[in-house]
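Shared between the two complexes below is subunit A, which has subunit B as its partner in the first and subunit C in the second.
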Partner chain A sequence: MLNYSLRRMMAVIPTLFILIVICFFLMRLAPGGPFTSERPLPPAVMKNVLERYGLDEPLYVQLWTYIKNILFHFDFGPSFSQKDRTVNDLIAQGFPVTLTYGFFSAVFVLVLGIPLGVVAALRHNSFWDYVMTGLAIFSQIFPNFVLAPIMVLLFTLSWGLLPGGGWNGGQWPYVIMPAVALGTSYMASVARLTRGSLLETLSAPYIRTARAKGLPERTVLWRHALKPSLLPVISYMGPVFVYMITGSVFIDVFFSTGGIGQNFIDAAYTRDYSVILGLAILYSVLTFALTLMVDLVYAWIDPKVRSGLK
Partner chain B sequence: MKIFTYALALTMTTALSSQAIAANVPAGTKLADDQTYTYRMLDESSSVDPQLVEDTDGSGIVRDLFEGLYNQDGNGKSVPGVALGHTVSDDNMTYTFTLRQDAKWSDGNPVTAHDFVYAWKRAVTPELASPYAWYMELMSIKNGAEIIAGEMGPDALGVSASDDHTLVVELSQPLPYFADMVAHATTFPAPKWAIEAHGNEWTRPENIVGNGAFVLTEHVPKERTVRERNAMYWDNENTVLDKVVSLVIGDDAQALTRYRAGELDKTDIPAGQYPTLKEELPNEAIAVPRLCNYYFSYNLASGPEAFQDVRVRKALALALDRNVIVDQVLQGGQFPAYNFTPAATAGFDVPSIDYADMTQAERDAMAMELMAEAGYGKGGEPLAFTYLYNTSEAHQQVAIVASQMWKQKLGVDVTLENQEWKVFLENRGNQNFEMARGAWCGDYNEASTFLDLLVSSSGYNDAKYNNARVDELMASAKSSQAPGPLYTEVEQILADEMPVVPVYHYSANMMLKDNVEGWPVNNVQQKYYSKDMYKVAE
Partner chain C sequence: MLSVQDLSIRFRTPDGYVHAVNDVSFDIAAGQKLAIVGESGSGKSQIALSILGLLAKNAETRGRILFENQNLLDMPTSRINKVRSKEISIIFQDPMSSLNPYMTVERQLNEVLELHEGLRGRAARARVLEALDAVQIPDAKNRLKSYPHEFSGGMRQRIVIAMALLCRPKLILADEPTTALDVTVQAQIMRLLDDIQKEYGSSIMLITHDLGVVAGFCEETLVLYGGRVMERAETRAIFNAPSHPYTRGLLRAVPNIHAQDARLQSIPGQPPNQLHPPEGCPFADRCSDSRDPCFNNLPPLDAGRHQRACLRPVEELS
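Right after this comes the complex of A and B.
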């Protein structure tokens, strides 16, 4: 398993390199640059600014300098639009924010989604099953960009219970709405996945065997049925979790959390090259790390998978 | 040397307690217990470093953290800041500012003329590469342009400290409005010792040293900045607000909801909502003139042949019903524009322009006549062109209405094209358009900040308009002590030749809680100072 993980990690390096090169050239294709403004800079000022940030060099030199700075100094460059900050600063500030509400959102999704799915599966075609299905459909038709404004109208404007946005150092009243708004539709999906998968498992021959052995229903469920039923949930949650912790752009903008997602759009609009690249790299590394983690969790749950990981 | 007749400069001692330079709280006012003022910013500031800041919101923060030679009062007039007054040499080329003795930095060091010298040199050094170096060039400080171009070292800049409290500035040409330009953030002093100790990180709350009425205590990019009262500020006893918080909220509607929920004391009004909000909250919805204009620019260099005909240019300008655009489309208290410079500009009298006084029916009749004479449109050669604007709902609505007016009245076919902001700027700047949206906000409160745009050598002249007389008039206005008549003549030439179509002059729309006093609604540049504000008890 260790070998396998190492091999996977080695594969990340060339992939990242290709990703950097593609992103680097793609963003340069967009017309305008970081210092294109309504008030065009006089040529002498423009020259100084471009020199200061090394943007006057040929593209391949810029690319090499960029990669060199990352490799030797772990320096992802300065931000052009926020001149007091570097990309490292911006990520160090914004990522923990997104990670925090993304984490709580994921907890919310799992803690609520799995039990709902289990209850619906066990009480198949009963009142509780219909409630769960109804709830799932309801959350699906209320994606976060519909749910968030409704929540703010209710919890902030009408009832005055929660602040309508901001982060304020991550105090809990500021975390609740972003986490719930982000997670609700995933929670519904997780509930549906759990329900479907558990129903399937419960009708499997080995469950019948377990019951025939006279094991109590509780043991059948917890020891034998639930674990394999969660495999689809785990593979679903991997990418979703990356998405959650790297920030829903909408949640970051709407709740003004100061999270990393906001930087991504702003950087694209302002052609803040180093911020765009820095975030693209962060997203990719997280995606790699999380998919690897999902695979390892898979192996831990499923012996069949484990023996395949050589 | 002649003494500059600067009203407040002459009464230096009384100026200290003058109502114009601190929160002006009428006797008997009951102040609110909590003097925290919270407002919305659309986006994170570009910087809080005075020499680097570029955006208006960021400049607002910098005005709280630092204080320049002069501040502006509620009407936009310059009032003493660190400088008590100044004198001007007979040739109008040398300005000598007298600085107050009691100004201190937040770390207790005295604010001296050397801090200004350091800051002004810093602003033009190629190493700092401030995009706002152009402002120093605009101020015509001696050798500024040469230093920016790398031809001279920063020490050659025409600014020096003859003693700790006297700052001498030499100009490369006389500039009648020079003294009004020093209320701009780029010219604020900078603490050399703090910058040298902390480098790029000197603006962090833990490192920053300022000389303004507030100090930066918290700064979370894209989320909030918090400024608190600076005990070292020379006029701290007259500052009323204890804490100023700016929250970055990207979404207009969400900002308004949070304003309604009481989380904000001030926010912007989402497009088109001013009339309803004014009705609902008449004391809080505010629309005031803003020093910005909105116009359509013809491409006179490589646009359609028809645009070379002044009759076509005039016909399109005449057929545009600005009242419809302002009253029915935008609905935010904007002002129909028939000339380029906003009427709110200081010292500028709107010249009488013939078509401004006509009724729209008269304008339409004249437009049709001119178009027929030129041989285009209905009954003539078909005229079609593309109008380019940057993607935005409000610009789109204006574009649709204008194109419909031109279609109906003149039979002109306009194709609308919108582009993302930077793509748009790139195309407009390279004359890669036929007609394009233009807008400009004044850098200082004087007509030349607008009219300079139409000088043939201007980098902002997207129309590529070229009129020798306009160039000449604007050049002589630079050194004239009474440039008013020159501006009038320029405006009249523009109305005759119509290189651009003025559409409207902006208004600033905002929601401001009615217990907040001292926000300068009459300052057309919206230069607010938190030290001048206070909250009354409700």
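Right after this comes the complex of A and C.
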């Protein structure tokens, strides 16, 4: 298992390299640059600025300098649009924010979604099943940009229970609404996934065997049915979790949380090459890590996968 | 010990009731081996499931299943749970899917002992090993932590049998225990069941569609068709003097190594539609001996040692 994990981590390095190269050139293919504006800078100033950021060098030299700085100094370069701030600064400032509400959002998704799905499956085709399924569909058709304003309308403007935005160091009243707004539709998906997969498991012959042993239904569910039913939920949650902790652009903008989702948008508008690249790398590394984690959890649950890893 | 009396099982479906089992009665004495033979859809597996209360949720039952003078059909789940695996255990057809793929073999076996006898740890392990040895799993001690997919089909069915033996139940229901296995493995498993029955003294109810499997194994055979008992007698009598046209048809469909003519005979036609069961004998429209009365009158089952449900006298059958 350890061997396998190490092998997978080694494979990240070439993938990451290719990714950096592609992103690097793609960005420069886009028209304009970080310092183009409606009123062009005087040529002399422009020359100075480009020299200052190393943009006057040939592209391959720029790429090499960029990779060298990451490798030897863990330096992702200066931001081109925000003076005196580095990409490292921006990530250090914004990432903890999105990580916090993203994490709580994921907790919300799992803690609510899985039990809802289990209840719906156990009460299959009954009143409660229809209530859960209705609720799930309802929250799935409510995208966060509809849900968030409604929540603010109710919880902030009408009832004055929660602050309508800001971060304030991540105190819990400020975390709740971003986390719930971000997670609701995923929670619904998790509930539906859990329901479907548990229903399928419960009709498996080995569940009938478990019942024939005389085990009470509770034990059949917890010991025999739940673990295999959660496999699809786990593979679904891997990429969703990455998306959540890297921040939703909408949530960051709407609730002014100051997370890195906001940086993504700003950087794209201002052609802030280094910030876009830095965030893309962060996103990929997290995706690699989460995918590996999902695979390891799979191996932990499913002995067939485990023996395939050896 | 087990007495099934006028058992009927029907399933509620959107199209109406499906009558899977109709007025079936039989007894199994302690230490006895009874075979229930029938083609697929004859209701034979449903009988086994109903004994342990494992029928699908849309099933409705009538009649009684007395086990040591208690009606299993009336028992709430909490009480029937104490019978399952402890007094009556079941061996399912497909060993590939009837073991939990996510649990070690030991865990799947010792949870039975933990539940019914409160055994854990070393005591449970000793019993598990004893059962695995009884079904001749080689090197059982080192395979306790293995998962089902690490065993072959025949070995898995041995594990399932070991699981059924753990609490030395009084009755073992074997629901087509060899159907999913290779022919050579089939013979081994049947011999194993036979040995175990002798050693443990449990009664066995063997469900199969294969009369060849029954031949050397069960003292008594019950032939089921369309959810009804067609014929019931000592196995020897069923083979030597079958008295029901359906049984005769079944026997002609068993390959015979001595026959020169290698062509197997089959019974033409389809099993009856259980959604609208025929008024008369369920076998009438496939039967070469049927006469008009057969289509309108349900033949009663004779009393006595050799029972048959047929309106035609034995002497007049083709």
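As a working rule, the second predicted complex is superposed on the first by the 310 of 310 C-alpha atoms of A that agree within 3 Å, B and C clash if a C-alpha of one lies under 4 Å from a C-alpha of the other, contacts with A are read in each partner's own complex, and residues count from 1 in each chain.
Methods note: contacts are C-beta pairs under 8 Å (C-beta built on N, C-alpha and C of every residue); 3 or more make two chains touch, one makes a residue touch a chain.
In this text the structure is predicted, and so the values were computed from the model without any measurement.
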Q.
Clash or fit: subunit B against subunit C, after overlaying the two structures on subunit A?
A. fit
Q: Examine A:W167 and indicate which partner it touches, taking first as subunit B and second as subunit C; both and neither are also allowed.
A: first
Q. Counting only touches as set out at the top, which of subunit B and subunit C does A:P14 meet: first, second, both, neither?
A. neither
(Q) So in the superposed three-chain picture, is A:P31 touching just subunit B, just subunit C, both, or none of them (first/second/both/neither)? (A) first
Q.
So in the superposed three-chain picture, is A:P58 touching just subunit B, just subunit C, both, or none of them (first/second/both/neither)?
A. neither
Q.
By the touch definition at the top of the document, which applies to A:G214: first (subunit B), second (subunit C), both, or neither?
A. second
Q: For the superposed three-chain arrangement, provide the angle subunit B-subunit A-subunit C between C-alpha centres, rounded in steps of 10 degrees.
A: 160
Q. Which chain, subunit B or subunit C, is in touch with more residues of subunit A?
A. B
Q: Determine the nearest approach in Å between the Cα atoms of subunit B and those of subunit C after overlaying the two structures.
A: 48
Q) In the superposed arrangement, what residues of subunit A touch both subunit B and subunit C? A) none
**Q.** Residue ranges of subunit A in contact with subunit B within the complex
**A.** 30-33, 35-42, 44-45, 48-49, 51-53, 81-86, 89-90, 93-94, 97, 149, 152-153, 156-157, 160, 163-168, 253-254, 256-259, 262-263, 266, 269-271
Q: Over in the complex, which subunit C residues touch subunit A? Could you list them?
A: 52, 54, 77-78, 80-86, 89-90, 92, 94, 97-104, 111-112, 115-116, 147, 149-150, 160, 163
Q. Which subunit B residues qualify as touching subunit A in the complex?
A. 43-49, 52, 126-131, 133-134, 137, 145, 148-150, 200-201, 203-204, 220-224, 247-251, 253-254, 257-258, 260-261, 263, 420-423, 425-427, 429, 439, 459-460
Q.
Using the touch definition from the top, list the residues of subunit A that touch subunit C in their complex.
A. 204-206, 208-217, 223-224, 227-228, 301-304, 307
